[in-house]
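Structures for review follow.
Below are two complexes that have chain A in common, paired first with chain B and then with chain C.
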Partner chain A sequence: MLDALISAGSQTLQPAVLWAVASALPVGLLFGLLPGLSGLTAMAVLIPFVYGMDGFAGLAFLLTAHAVVSTGGSVTAILLGIPGSPANAATVVDGVPLRNAGQSGTAVGAALTASAIGGVFGALVLLVLLPVLRPVILAFGPAETFLLSLMGLTFLAAVGAGSPARGLFAGAFGIFISFVGYEPVSGVPRYWLDYDYLLDGFRLIPLALGLFAIPELVALASGRMLEQSKGELPGTQLLNGMRAVFDRVGLVLRSSAIGSIIGIIPGVGGETAPFVAYAAARQSSPDPERFGTGIIEGVIAPEASNNAKEGGALVPTLVFGVPGSSGMALLLGAFLVLGLQPGPNFLRDHLDIGLGLVLILAVVNVLAAVLMFALMPILARVVSVPPRLLVPFLLMLALLGAYSTQGDMHDVVFTFVFGAVGLACVRYGFNRAALLLGFVLGPAVERYLEISLNIYGPGFVFRPICLVLIALMIAALFAPKIGSRLRRKRA
Partner chain B sequence: MKTISALIAASLLVGASLTASAQENPAADFYKGETISLIVGTGPGGGFDQYARLLAPELSDATGATVVVENRPGGGGITAINQVASADADGLSVMLINGVPAALGQITGAPAVRFKLQDLPFLGRVAAEPWVLLVSKQSGYTSLKDLVEASKGGKTLSFSGLGRVDGPTDTAAVVCEALQLNCKLVVGFKGSSEASLAAIRGDVTGFAVTDRSARDYSQDGSLVPIAVVGHNRSKLLPDVPTIFEAVDVPEDAAFWIDFRAKVVDVGRALITTPGTPDDRVAFLREAFAKILSDPELVKTATDRGLPIDYASGKDVQDTVTEIFGDLPEDKISTIRDVLLSKYF
Partner chain C sequence: MIRTDRLLICGTILAVLAMVVWGMTIGGYPANANVFPAIAAGGVLIFGLLALREPPPEGGAGDVTWSAMLWLVAVLPLVYLLGFRIALPLYAFIFAIARRTSPLVSLLLAVGVAVVVEALFVRVLGLRLSWGWLAGAFLR
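On to the complex of A and B.
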């Protein structure tokens, strides 16, 4: 292992690899900053460039671009209220109230620092798990995946501000619209109205952009100014944000762990990680009612988890050739282009490449945050651009993002449709993050419940890990109640 | 004077030959300067996309047209075939289709299918991969014979899959039907690699994949390839017997294996719009014949993990006609029953 680590280190320091990292880092951050362009798109666009690259350099190139997208996206989420990538949607919930309170610098500082720590944590998890990966992944079958997804659903009411009832309603609506299209197991198309586009269901990117970007742009266009940082200098705010993260080490580590675990399990969409981390932070907080009103924990938790999940997602990709996220599915394709075969023997034959990727992941997450810190004085100026210039530009970017994921004009149209839904949500206080979480988790719950029943029958709930998950779920549901009662007693 | 008349004669000759060539091949003239859309029914980055991007510049060289790769994902590639099938019949829409789900989707009457494969002009086949049945090491079985005996002994065999007619599941279904096995197909997995995990874990007896994936999955012995579902062995797994070598397939049951093998033979095929003028179809067929038999391209493709297994447009067309040509209505309903409901 040590030999491999040293060899991995020396491989990482090759000029070709350094060049690959240096060129991919700004690309990844840019894809994150621009709304609608996700890590997936970054990967798809960059794959043609790896032809002819040396194997390891090519992988470093793609992994770098993919891993730092959510770091860039956090800045857009906070400054503009538009998630730079779907993984940043949960950051909007508290990021925007913080910005409105003149604390955008603090929020960005915290988000970037949390991203860096989360990313390094994810890489460390990967490193520690490398020797024991197989049993870990094999332990999480369809039954366990079902319960994990269900556990995600129990957080619906806890994501964001507002009444829990409206959170649940929005989540239920999200689950409902996730039912459009082919049923995952029987293949029967539902609610498709003889309209081909709906066969595959609604897409995540138009939904996320519609829900978050359109209402924000409408508000901007109708005369609301973006709040500028007031009080302290932005530089001081950034430092304050950074300090806020270090004051909450427990939260950061817990959120990163949540991200890693969700990343490792192939069936649960990586997009869920930030929501679950957010909800978990709220559940365990002494004053959960402040979440959604602009609390720094609400930015730290999702940002730590969305960077951590990439390390987790690499695990099944390397060990089984089973991609842990859609971006990893493309990375898997790149392995083949580069003549490497991920799968059972990959780590035995190429342990140094596996470790090298861990190193790259850790280093680029820190570099990305540093680079974004350095760029903040320029990026922060975006809020002083007059809305009449900013809105058309952002709208164009958002629509381009919606179009570019699949190259389908329908996605642009549906961005507006979901924009209307988003506006209604904002107007009537329904929680958009809960809607998105329901949308992402609905199909996973349905799919793995059916598969589990098919394989094991209803007795699957008595599998050991399932029992643990059920206990955790019950604990999480009742923890806030019991916690507040305990505190009241003490007081 | 002599030189002038010679010049005139020469220019006349050249002119005449030019007109002659134009008359001989109006299709070649048509494509010069036009734009061909090379369509794939998947998003960017996947196997089909990579094949298309590899072929695009070659097709451009061969035809003089600008070739643009278009990703039109949706409905497992079915939506894009619908669009090409109903496009203008000018031969400017060319699509790389996935033959297995297209053919089986048509036979099983999948809701979105609005094309008839037998009506589409086929321009050639880029690749076709044989399908292989694997069993889990956890299952304790090591050969197809074991499975047959276990089934006779009353055991139920289970196989994992994605949808019902997109490869793994229907392969397992036809094997179960041909060998009269007690089978249960567990579908709904998100990708073939996730379905493979279910087999590795021992949740199911086994599953079926293409020979390339079978080779990768069986590297460490956690999955064992037991039979090629077809008449010919795989070049990648030369030691794995065909289903006919592994067990005695009853004569009347061989239909199922033949049927499945023919569907596989359609493979990753190139089509264009029905009604495209014959000369353009012939021209494109010739272009693809040249491109896909070029050893240099075959090598580049193989190095990128994109194997080429060319078959001519006419051959693919014949295969498609064989599949759909003489299928009586009652056979179709038996096929639908086997693929869609019998083993679920």
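On to the complex of A and C.
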């Protein structure tokens, strides 16, 4: 193991690898900053460039671009109120109220620091667990994945501020619209209204952009400035944000652990991790009602989990050759292009490459945060750009971001349709984050429950890990109430 | 007076329930394809009814105007007619001019938008952007 680690270190320091990392880092951050362009798009665009590259350098190139997207996206989520990628949607919930209160610097500083720590945590988890994780992942079958997805749904009410009934209503609506299109097991098309586009169901990026970007653009077009104070980001605010993260190490580590666990399990969906981390932070907070009104913990938790999940997602890809997400599926393709075969024998034959990827993941997360800190004086000026110049530019990015997912004009139209839904949510206090979380988790719950029932029958709930997950779910549901009652008694 | 949020909740509940009932009856979906939509619809119904009993939310997007919404939606027919490459810079120019921006700055904005569309989305991302009905007819 030590030999492999030394070999990995020396491979990582090769000029070709350093060059690959240095060129992919700004590309990944740019894709994160631009609304609608995800890590998946970054990988899809960059894959042709790995032909002819040395194997490890090519992988480092792609992994770097993919891993730092959410770091860039956090800045867009806070400064513009538009999630750079769907995984940054949970950051909007508290990031925007902080920005509106003139605290965008604190929020961005906290988000970047949490992202860096989360990314390093995810890489360390990968490093520690890589050699021993096989039995754990094998223990996670469809039944466990179903319960984990269901656990995510129990957090619907805890995402964001406002009335729980309205949050759950929005979440249930999000779940319902996720069922439009082919049923995952029988393949029956549902609620498609003889409209071919709906056969595959609604798509995530138009939904996320519609819910978050369009209401923000309408508010800007109505003459509202992005930041009430119209100030620039002072360095002290960024430092305050950093300090806020180090004052909440427990929260960062817990959120990172949530991200890593969700990343490891294929099928749950990486977009879930930040929402679950947010909800867990809220439930364990002594001040849960302040979440959604601009609390720094509401930025730290989703951002830490966001970057930590990438390390987790690498585990099934390397250990089994089973991609945990669509981004990892492309990385798997790149492995094959570069003549490497991930799977059970990969770590035996190429442990140094596996460990090298861990090192890359840790280093690029820190570098991305440092680079974004350095760029903040320039990026921060965006909040003081007059709306009359900002709106057409952001609208272009949002529309082309939606269009670029499939090259389909329907996605652009549905961005506006969901924009109307987003506006109604903002106007009447329905929780947009809950709607998005319901939409992400609905299909996973349905798919894995059906598979579990077909394989194990209704008794699947008595599988050991399932029992643990059920206990955790009950604890997550009732712990906040018990905690607040205990606090009240003590007071 | 009827509250708009209540109208919205009732409309959503009715639409969702109608779709589920349609799926079970006329749509003829098999039982397992109906189970989860029915559960989600149940959630919409129950939480919707609970939300109906609540007072209207405060604040919200109070500063949003109808004209701003129409301005944003106007880009859609423009894109259908002229395609992204022409529509987006043109839209940027008109939007800026209509908000009393100087013609030079508006022009620079339009050029900036055109450059980003062409350089980033067409050249780098390799997106095939349609030319729209009108511009496409001329270019063909």
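FYI, the second predicted complex is superposed on the first by the 485 of 491 C-alpha atoms of A that agree within 3 Å, B and C clash if a C-alpha of one lies under 4 Å from a C-alpha of the other, contacts with A are read in each partner's own complex, and residues count from 1 in each chain.
Note that in this section a residue touches a chain if its C-beta (ideal position, glycine included) is under 8 Å from a C-beta of that chain, and two chains touch if they have at least 3 such contacts.
It should be emphasised that the depicted structure is a prediction, and the values quoted were computed from it without experimental measurement.
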Partner chain in contact with A:Q406 - chain B first, chain C second, else both or neither: first
Chain B versus chain C as contact partner of A:A329, first or second or both or neither: first
First, second, both or neither for A:D200, with chain B first and chain C second: first
Partner chain in contact with A:V218 - chain B first, chain C second, else both or neither: second
Touched partner set for A:L138, first chain B, second chain C, both or neither: first
Chain B versus chain C as contact partner of A:S163, first or second or both or neither: second
A:N345 touches, of chain B and chain C: first, second, both or neither? first
Touch count on chain A, higher of chain B and chain C: C
Contacts of A:F393 with chain B and chain C, given as first, second, both or neither: second
Which superposed partner A:F462 touches (first chain B, second chain C, both, neither): neither
Doubly contacted residues of chain A, that is, touched by chain B and again by chain C: 45, 185, 407, 450
Chain A partner contacts - residues on chain B that touch it in the complex: 43-47, 50, 53, 70-75, 78-79, 82, 111-112, 158, 163-164, 184, 186-191, 193-194, 196-198, 200-201, 203-204, 216-217, 219-220, 222, 303-305
Of all residues in chain A, those that touch chain B in their complex: 43-45, 47-48, 51, 137-138, 141-142, 182, 184-185, 187, 189, 192, 196-197, 199-200, 266-267, 320-323, 329-330, 333, 336-337, 339, 341, 343-345, 405-408, 447, 450-451, 454-456
Parts of chain C lying in touch with chain A, wherever the complex brings them together: 4-5, 8-9, 12, 16, 19, 23, 27, 29-30, 32-33, 36-37, 40-41, 43-44, 47-48, 50-51, 53-54, 56-57, 60-61, 63-65, 68-69, 71-73, 75-76, 79-80, 84, 88, 91-92, 95-96, 99-101, 105, 109, 112-113, 116-117, 120-121, 124-130
Contact footprint of chain C on chain A as seen in their complex: 34, 37, 41, 45, 162-163, 165-166, 168-169, 171-173, 175-176, 179, 183, 185-186, 188, 190-191, 214-215, 217-219, 221-224, 388-389, 391-393, 395-397, 399-400, 403-404, 407, 409, 412-413, 416, 419, 423-424, 426-429, 442, 445-446, 449-450
